[in-house]
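The structures come next, written out as structure tokens.
One chain, chain A, appears in both complexes that follow, with chain B as partner in the first and chain C in the second.
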Partner chain A sequence: MAKKTITITLYMSELIYDVQNKTYLTGRSRSTGNNHEEVAHMQANDDDENANQIARSIGNAFANMKTQLSEFIQSAGTTANNQLISQTTNLSVELVMPSNFNQAVNDTVSTAMHQYLVNCAIGDWFTITNKNDAGDYVTLAAANIEEIRNAINKRVRPTRTPTVTNLP
Partner chain B sequence: MIEKKRNPLIDFVKDVNLSFKREQLLYDIKNYAFVEGDVMQAKTEHDRHQVIDVGEDGNIDRVTRVLDLSFVECVDLLYPYSKKTFEDMQESNDILEEIETYTIEMKVPDWFSKTTVVLLEKLIHEYMVYRVLADWMSITNPASKANWEEKIEDVSEKIRGCMNARCRRLRRTQTPF
Partner chain C sequence: MTDVTLTVDKNKVYDEVAKTTSYTGAKMQGDDKAYERIFTTDEDQQMLERFWTEASNAATEQFKPFLESNLSDSSCYKVQLELSSSFETQLQASIETSLFSFFVSVIVGKWYKFTNKSETDSYGKEAVGMIEDVMQKIYFKKKPKRVIPQ
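Let's turn to the complex of A and B:
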């Protein structure tokens, strides 16, 4: 049976924006009027040290996600390295799915992947800047990976072409 | 005038072929596996998809092996009508091939009923499907294996019964000598 190749592209700009936006909103919500410095630290921005940390977290999460989905990923690569991923290169993953894979869940998979990477990155970021909220994002990320697994294992019912024959 | 006696081994025999299309067998196998996977109590979706993916790449090779095996089991079940002399068998090997149509060639007595042939064809189709599912469940969902094996036993019994029921009445001679 022919396999189905599903290509999922995750735009770095969307991932980084989501991380920055969520950390900004969290910082704003945690503001008491007296903790200006803490709030500022929570809010990730484009400064090199912030951006590099976020990129590192996204790269780690992406690698972990591929491990979780290794059953459906084919790669002939023979080398790997720890170079920081580029903040301008989009992340792409090709899932080689069985022919009965239910493609209705493509959007669910891409959305859950986005959420997983963002939640992992924020979990890492808050481990440094806002420990009280870090655990929530780690929990969310775990739920996201489960959601990806559930979606990716959805199958469609087989169909047949009716054959008309004369009854004996 | 001496009437030539008819030879029951030649004159009363008809050729009957039972054909089973792989495509039809596979559809049933995949369909039942889908339902089985859908209703099973699975810990994870991964367990479920392993049951459902019976017809997918890699898995299909196991299915082919078991289909081949179930086919020869059926030929053997029908031994009185399907037997072949050793000379007919040119070569046998274990190369995996996808046979598009499985055909059982039978030589049946001319009084053999067509309804029995139709019944046999239906039963053998079921047998082959159940045989594959029992094997597949033994790997992916062991809790369900016994259910399919029970079906195999049931359908095998029907095939045997069907053959016996159609045997001609025996007439005993007045004397054994």
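Let's turn to the complex of A and C:
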């Protein structure tokens, strides 16, 4: 039976915005009125040192996610490097799935992948800027990878095709 | 990053210090020599100059993480800061106003150590409040904006 190729695209702008928005909201809600410096450090933005750290974390998480899904990924590449991923290039992964893969979970896979990358990036970011909340995001990321696994293991039920027999 | 230049005019600060000290001296009851003692005059300039320098140094210390250049001269305090790209530029005027008040409070507070001890602390606290206000605005970040993928 032919395999199904599922292409998942993760927009960098959406990943970065989600990280920035969650860290912004966290900083705002942790404000006590006189911890402005601490709050500002929690809130990731487009400044080079912030953006590079976030891009590095997203890149690391994406690589780790591909390792977790390696049995479904085919790659002909023979080289690799550690260059920081671009903040303007979208991430794409092609999953080569069995023919009975349930495509109804495509959105679940892409959503869980998005959440995994975002939670890993925030976990890393808060390890530097807000240790108290870092653990929560690491836990969320671990749950997300399980969701991805669950989703890609969904299969459609086999259907019996009745055979037409010629009666004598 | 956002480049911001903050300027405080020294003469305007001295005028404000003169107004504050004159008003305090004139309103003080039961002390006939208060006005003469508290009001800063041109003869007190040398002392005020030292207070101005101390206030400038204190402000620069706060701005250190963002300081690009210090362009201060004999007529003003002027620093160029490299602030976050999320800095709210609408706050610049308000920051300058608070910084101006910081200079006035520091100078008046230090002057009162000699001439009106009972009010020294309140000006000291006011100066701390003013510089905190400045730093709060400097550290404030605008909310991130979503760019819809094409």
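We adopt the following convention: the second predicted complex is superposed on the first by the 163 of 168 C-alpha atoms of A that agree within 3 Å, B and C clash if a C-alpha of one lies under 4 Å from a C-alpha of the other, contacts with A are read in each partner's own complex, and residues count from 1 in each chain.
One rule holds in what follows: a contact is a pair of C-beta atoms (placed from the backbone, for glycine too) under 8 Å apart; a residue touches a chain by one contact, two chains touch by 3 or more.
If you're wondering where the values come from, they're calculated on a predicted model, not measured in any experiment.
Of the two partner chains, chain C is the only one that A:43 touches; chain B does not reach it.
Using the contact criterion defined above for the overlaid structures, shared-chain residue A:11 touches chain C, although it does not reach chain B. Contacts of A:160 after superposition on the shared chain: chain B is touched, whereas chain C is not. In the overlay built on the shared chain, the residue A:149 is in contact with chain B alone; chain C does not reach it. Chain C makes touch with chain A in their complex at residues 1, 84-86, 132, 135-136, 139-141, 143-149.
Considering their complex, residues 11, 13-14, 17, 20-21, 24, 27, 34, 36-37, 39-40, 43, 45-48, 90 of chain A touch chain C. Residues of chain B that touch chain A in their complex: 24, 27, 30-31, 34, 37, 44-46, 48-49, 52-53, 55-57, 60, 114-115, 118. Chain A meets chain B in the complex at residues 1, 3, 98-100, 149-150, 152-155, 157-158, 160, 163, 168.
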